[in-house]
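One structure is given below, encoded as structure tokens.
Labels for the chains are A, B, C and D, by order of writing; each one numbers its residues from 1.
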Amino acid sequence: MDYTLLFVQVLNGLQLGLLLFLVASGLTLVFGILDFVNLAHGSIYMIGAFICASLTFVLGNFLWAVLVALPLTGIVGYALERIVARNLYDKDHLDHVLGTFGLVLVLDTSAHILWGPAGITVPLPLWLDGQVELFTGAVIPVFRLLIIGTGLTVATGLFWLVNYTRLGMLIRAGASNRTMVSALGIDIQTLFALVFALGAMLSGLAGMLIAPITGANIGMGGQIIITAFVVIIIGGIGSMKGAFIAAIIIGLIDTLGRSFLDTLFTLIMNENAAETAAPAVSAMMIYILMAVILAVKPQGLFPPKVR
Amino acid sequence: MKRLLSAALAATMLTGLAQAAEVKIGFVTTLTTGGAVVGKDQEKAVNLAIEHMGGKMGGLDINLIFGDDGFKPETGKQVTDKLVKQDNVDFVAGYIWSHVLLASRKSVLDAGKFLISANAGPGPVAGKLCHENFFSSSWQNDQTPMAMGEVLNQKGVKSIYVIAPNYAAGKGMVAGVKRTFKGEILGVDMTTWPTQLDFSAELAKAKASGAEGLFVFYPGKAGGAFMKQYQQAGLKNSLPLYTVFSVDALSLPKFQAANFTDVLGSQFTQQWDPTIDNAQNKRFVADFRAKHGAYPSFYAAQAYDSMFLIQSAVDAVGGDLTNMDGMRAAMKSASYSSVRGDYTYGNNHMPIQAFYLREVVKDSGGNWTTKIVQTVYDAHQDTYAKDCSMN
Amino acid sequence: MLKISDLTTHYGSSQVLFGIDLHIDPGQVVTLLGRNGMGKTTTINSIMGIIPATGGSINFEGTELVERASYKTANLGLGLVPEGRQIFPNLTLWENLVATSSNHLNVSNPWTVERVFELFPELETRQNSMGNLLSGGEQQMLAIGRALMTNPKLVILDEATEGLAPLVRQKIWASLELIREQGMSILVVDKNLKDLLRIADRHFIIERGKVVWSGTSDALHKDKAAQHRYLGV
Amino acid sequence: MNNLTKVGWVTVMGMIALAILPPYFLLTGQAFYMDLATRLVILGIAAVSLNLILGFGGMVSFGHAAFIGLGAYAVGIPSYHATWGGFDLIASYNGLLHLVLALGVSALFALITGAISLRTKGVYFIMITMAFGQMAFFLFQSLDVYNGDDGLTIDVRSELPFINLDSPMQLYGLSYISLVIAMLLVKTIVNSRFGMVLQGAKGNNERMVTLGYNTYLYRLAAYVISGVMCGYAGFLLGNFTTFISPDMMHWTRSGELMFMVILGGAATAFGPVLGSSVFILVEEILSSFTIFWHLPFGLMLIGVVLFIRGGLMGLFKGKGK
């Protein structure tokens, strides 16, 4: 066993997991408080990436671009809530799925029209573009460490926000009984819009962080949104803790599966078969995990006690 | 709904009646999704070709219809069906992606039309599925990586690690390099196509394998993402990169905009380059640049060629589109002027052609482009030709 | 301060309220009585904008409440202690008090967590317990405290003593009297006629979505016929 | 005709149009429209099957496209081996074998996934059915023998007695008759005691349970019936397109099926067929105008969800009922 490789892959898995958490946390917030299934959450991830990518060239620096793109993405989220999402809250989950599926088509096509099909490659400042050697042989790109750092910081911030601020109390209260929150004098519509915008910013931030790695691309949201749903379902919808744990688990499973499954498979089949079976099985693994968990715990790992 | 259908019906009847003396060409490419980067470049090249022809082939007007495959085999087959059955085209050209071509070929060939691949060249269509009405204006998938394998041998690389997407062309590329590379292949990673764009796990494995080189195939936008991550991982000195079809004229301007200088000097094999010295290529590259402000990609070059290949067929029979044999013979002779220079067709209608090693350089205007470093093969034929029953 | 006239409300296509008339004067304790299913809770939900009224008028100190958003109504100074308490189960007791607290009317001596604990001392030791772990009595006190923390002028209590032990019930009534002394108006929906006769100033009896009897405690006390006919006492 | 409701009238007229127009297109040399109609009718069967559990049973299955794929591969795999050798056990062009495989595999898949999925409720059910669909998608993606992602071309269609599926007219005829039978079957099921329990459980599951019905078993049975019907649609689709790929099972395809049902009108007899018709025609018309057709298409989706209660069939119910 190559422990250096294992260490590097665990870090890679952690990084993927934290990115997933950024997307899933917004999703679970919105679902938890609004009971709203939002497939278009992934499109906001894409929009965040594109806005940030464009701004990187305008402002000349990736970090400045992120700082400006964050509130802009929040505004996009706010606008989507006002124009589309708000009108869907009263309907059932089926309508949410279909309505936001339509929204995905609209946003993806709009991004194609606005930014072209090519996608944008995002340059990083020099100091972020290098790599560090954590110990002999364990070389990690600096930027991936930055993603891990940002992810952990945001996760901490979110836990603080949800558990120790008045906004957080209102978010939790709203998740359990919106009528009562409203009857006690809180403008629930504005609270919803705020939460939606916050979710959008989190998802957008994930998109901004991935852009220097994979580029900003149309359709990038469609891939992550399903994984993010798997995360919040496994974690228990509405649970921030669940989302965090599930995201890390899935990030690790996916990365470690991609790295070591083929080696494992060569134990039971020939090399060629292992080479092709491994990627598919590792792609399937998160769904298998989800099915198994739901079969045992139909409400996910940490169902919040709200209703 | 009924009224809508009868209106649509009436419309099609009208166009059916208005059939003038024209040659109908369907061009299937990718116009939506991330794959559209490539499709758009082909679209530009095809339109430029038509312009250069003055809109005529063998005295007939050219009626060109583009079809969008949406980067999916199934959609590609559906638009192909429509071109064949509804628009009743005489030629179907295009096809960037091998799996789309494999899904669509039967629709065209069963209908007795000509099929011209302007990019994709999966093994089966060159071998056991070869067909008299199929021609390629590009290459067979394995050829380019075979040339790269040859280059690796010449450079004295002893071992490589391979990363490629898990679809028809990816498998072909891996098969190709395996065929000619004489050293050891320490590992092969096939990634989910086209969704996986983060290669951190694969890069870490490649590095840990201790290989002397990294062979990679990532067409379109994935190539850009891969190059970027390769650079971020800092592997340039420890694990040199050898690519096919992963750096192209579409990604270079983006790299230049992002000032991604590591890509300068990287090398890859190909059957064409903008610097190839012949009149057809000079005109193509110059006019393309004048019109679109960027170098054409090899996708564009092949699409451009596909139109002139068709033109040579229609010219040869003087516009008599019923003379299939005449058109077939004309194309088989490859007597048109190709932007890559002269080549011939093998028994399977795949080009027997030269392959070059290209390198990324700055041109005189400071734009990033490529030039030819050496000729790897003078006239290379693919290995599937022997499986083809035609002669 | 609150004047309801000819209020009608529907659930979907079926009508529940058929023209309620009711008024509360400043500093008064007023009750809404009647058997189950007669429209008491619906009346309160209509006042609070939880169920939109379909006709009539609800006037609170000159402001029309019909078609007004729930939170805007609350912010005029109406504090709701709802039927079933509806404590937020996933918030601690302390958080339940603080989450929605406000002082929109700039009351000079606003309610604080400390003052609520003075009123209900038994809550203080439980302040870090989650809402769903509190006993029924604690939840009821908390619900009252939660409403007080919005610093209302009018507190509305819907079935505030339902299912509580007599001792706890007495505590609730005692707290209401304290609140009243501080100048707040109170609207109570309850079934404990005996206690209410002692505390309340006026009573409204509702039957099939209409107010069928109204008057002072004295009048109700004497009108045994009405008591029997409408309340089954 | 007088005692037909408006809805019934639309149903009859729609079905007559589907019976007459496509053959007319074929005879007038418009083979492409015949193709379009065949696709529409086959997806109509799939939508009708989904409607049984989604519309009448309240089970929002987001993985139904998996059954289409299973049915199609049940044609493709035996046919592939019959052409290229290997896997002698099932290598055959025999359509009856294909059919038995398609229905059997669908039933088995429905039984296993249904048994697990039905333990969950609400959005969990939506997502777990999607997860199973995705598993099928990735499974076939990994099957290298059948070209994985690249898909499988069916060189020889299923050989059935009396029917030649190579004839577009006969294939359409079979599909059309199958659609009619599927609609009648769903109607019969819905009006039976079984169907009553199913619909009762959709409205108020607890009440049905307290009435002594094991609603879990009823739902599971409905889920399996629906999966088998959808697998049959896959059998037809495989024979129609002669090209199958894992993409047929992708979650977006399941979403499209759901949309067809909702667009036409869930829990109505003709709604799913109307939905699939409108879906395919709109897609065809929009995409012939612009490559950006997903934009208006998405707007239409949102519009339908926001403004059309009960789908298009809801428009015909109107006030005159």
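For the reader, a short list of remarks on this structure follows.
Everything below uses one rule, namely that a contact is a pair of C-beta atoms (placed from the backbone, for glycine too) under 8 Å apart; a residue touches a chain by one contact, two chains touch by 3 or more.
Model, not experiment: these values are computed from the prediction.
Taken together, chain B and chain C share the touching chains A.
In terms of the distance between Cα centroids, chain A is separated most widely from C. Mean C-alpha positions place chain A and chain D at a centre distance of 32 Å. Averaged Cα coordinates give chain A a centre that lies 35 Å from the centre of chain B.
Chain centres here are Cα averages; for chain C and chain D they lie 54 Å apart.
Chain A and chain C have Cα centroids lying 44 Å from one another.
For chain B, the set of residues touching two or more other chains reads 31-32, 166, 192.
For chain C, residues touching at least two other chains: there are none. Residue positions of chain D with contacts to 2 or more other chains are 141, 148, 292, 294.
Here the chains touching each other pair up as A-B, A-C, A-D, B-D. Within the complex formed with chain D, the chain A residues making contact are 31, 37, 84, 87-88, 91, 93-95, 97-99, 101-110, 112-113, 222, 226, 229-230, 233, 237, 273, 276-277, 279-281, 283-284, 287-288, 290-291, 294-295, 298-300. Residue ranges of chain C in contact with chain A, taken from their complex: 48-50, 69-72, 74-75, 79-80, 82, 86, 88-91, 95-96, 98-100, 102, 104, 132, 146-147, 150.
Across the interface of their complex, chain A is touched by residues 31-37, 39-40, 166, 188-192, 195, 197-198, 200-202, 204-205, 207-208, 221, 224-225, 228-229, 231-234, 250-251, 254-255, 257-260 of chain B. Contact residues of chain A toward chain B in the complex are 2, 4-5, 8-9, 12-13, 15-16, 57, 109, 112, 117-124, 129-131, 139, 141, 143-144, 210, 212-215, 217-220, 223, 255-256, 258-259, 262, 275-276, 279-280, 283. The touching residues of chain B, when paired with chain D in their complex, are 1-2, 4-5, 8-9, 12-13, 16, 31-32, 68, 72-74, 77, 81-82, 85-86, 98-99, 102-103, 106, 166-168, 192-193.
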